[in-house]
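Going in written order, the chains are labelled A, B, C and D, and every chain counts its residues from 1.
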Amino acid sequence: MHRMGVAEFQALIERDLPIGRWLGFRVEAMGEGTATIRLPARQDFLRPGGSIAGPAMMALADCAMYGVVLGLRGDAVMAVTSNLSIHFLRAPKPVDLIAEAKLLRLGRRLAVIEVSIHAAGEDRPVAHVTGTYALPSPSHGDGSAVP
Amino acid sequence: MHRMGVAEFQALIERDLPIGRWLGFRVEAMGEGTATIRLPARQDFLRPGGSIAGPAMMALADCAMYGVVLGLRGDAVMAVTSNLSIHFLRAPKPVDLIAEAKLLRLGRRLAVIEVSIHAAGEDRPVAHVTGTYALPSPSHGDGSAVP
Amino acid sequence: MHRMGVAEFQALIERDLPIGRWLGFRVEAMGEGTATIRLPARQDFLRPGGSIAGPAMMALADCAMYGVVLGLRGDAVMAVTSNLSIHFLRAPKPVDLIAEAKLLRLGRRLAVIEVSIHAAGEDRPVAHVTGTYALPSPSHGDGSAVP
Amino acid sequence: MHRMGVAEFQALIERDLPIGRWLGFRVEAMGEGTATIRLPARQDFLRPGGSIAGPAMMALADCAMYGVVLGLRGDAVMAVTSNLSIHFLRAPKPVDLIAEAKLLRLGRRLAVIEVSIHAAGEDRPVAHVTGTYALPSPSHGDGSAVP
């Protein structure tokens, strides 16, 4: 089974995920069931009050979940988010955010993944996410997920 | 109590929510406990497979929830998302998406809101969201939410 | 395709779901993509403060989701909850609770269902639930769900 | 600030949480921001297929979250679940289940808590939960939570 690594996932973001490209996601690590993505700080991500907007964090978490999937099954580019639940814990200062995602369960059709987001240089999480990706069947010629 | 209307919320997005400005959100309606926001289709929002990326829908839902809050309490600009749970139902075709948000419960400190997203010209929802906003205390001079 | 009706689902609860039997669930209606279950009030369900405990509502919602699944695919007894997200809206008075579940999306492998719970004689919901059931493959001899 | 310990929380369950009493919850540990609760195996908790029913796990997780709250603020008996999101990972064998809850964030009004449930003698989680408790104001004479 092909496993996607840092450079390949970064290239996929640049080429096929325009939102991730606009947000400036940087793939920092891909492991066996783990992925780390950085959101470099930018004025564009602020919200009233000067902290980072929730949608930037949701997009970051979703990308880290996708990284976990592709790090396990590089063929599963057509995997799609089935559900995502986020709890915001603290208003993050306008610095880089780092999402660390970890596989909770890999099934044939579903992967459940946990993500913790923290600000660069801080330990305490600013958001906690749990979500499910629907995986394409390995046997489908077109790799499409059929949830 | 000041209630924010369509023009005022649209202006706030343009001025203070750069992500919403980049996504091109259009406020279509603000009611008493309801808000409707449109995401005009654009190549930027696609993902592998040609459907609209999940983060665009999460941002859209969050904005519609914020609209419900501001339509009830125009002073609550500092309200923040406390949690959000999204279920993706169908891969949306690359057309405009419309989020319709509806208040489920307004407390002194929390507002719980439901959002249904559908593609323009279709009835069936493509995503369903439930979430909570933490509201600033009316009595705080700075209007900050203290969750 | 066999569709389970009120009497058959009630019998399944009595026979195979001891928690539902202890809670006293009453199946009130099964439609095409809908199910209504009642939790008759009892001292056993109270919590400090005199309202009904959250776990009773979560069990009720889960049962109503299961009813939606079985009302569509009576063979899917082995369907299992994949995820469930509940927002509690108001502390319910200690009266009967009624859960009304509605299908949001039926796929081959997953059903996404929404549930609203309200107290008997009141319109306003006391809890809102969204969840996913993993469905067994129709072709599996043993009917087991493989998430 | 009074912090509730194992014996006191066990006594509260026996006296004031009839559902927890019926389920047979055993408080195993209460720490500073942590709580461990055991659900001793019993035929009553089974579901079709012979695994443990989801509602038993949801009730267990909710109790562990409540334990975290009371271990930090023993006066907060009137705290209530505001939301709960559970992902079921594997069908648990019919053995004791153990929920380990950990505080993610304690605010003045809300506590966000994560729970992992595993079967006795196994490391791999069978369910993962994130939820929020609404806390009563310390200054309220009656200790009621006002979400």
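Odds and ends about this structure:
Note that in this section a contact is a pair of C-beta atoms (placed from the backbone, for glycine too) under 8 Å apart; a residue touches a chain by one contact, two chains touch by 3 or more.
None of the values given here were measured: they were computed from a predicted structure.
Contacts with chain B and chain C are shared by A, D. Averaging C-alpha coordinates per chain and comparing to chain D, the farthest chain turns out to be B. Centres computed as Cα averages put chain A at a distance of 29 Å from chain D. Centres computed as Cα averages put chain B at a distance of 32 Å from chain D.
Mean C-alpha position of chain A lies 21 Å from that of chain B. Looking at chain C, one finds that residues 82-83, 85, 87, 132 touch two or more other chains.
Within the complex formed with chain B, the chain D residues making contact are 82-83, 85, 107-110, 132, 134, 146-147. For chain A in complex with chain D, the touching residues are 85, 87, 89-90, 104-105, 112, 114, 125, 128, 130, 132.
By the touch criterion stated above, chain D contacts chain C in their complex at residues 12, 16-19, 22, 43-49, 51, 53-56, 58-59, 62-63, 77-78, 80-88, 91, 144.
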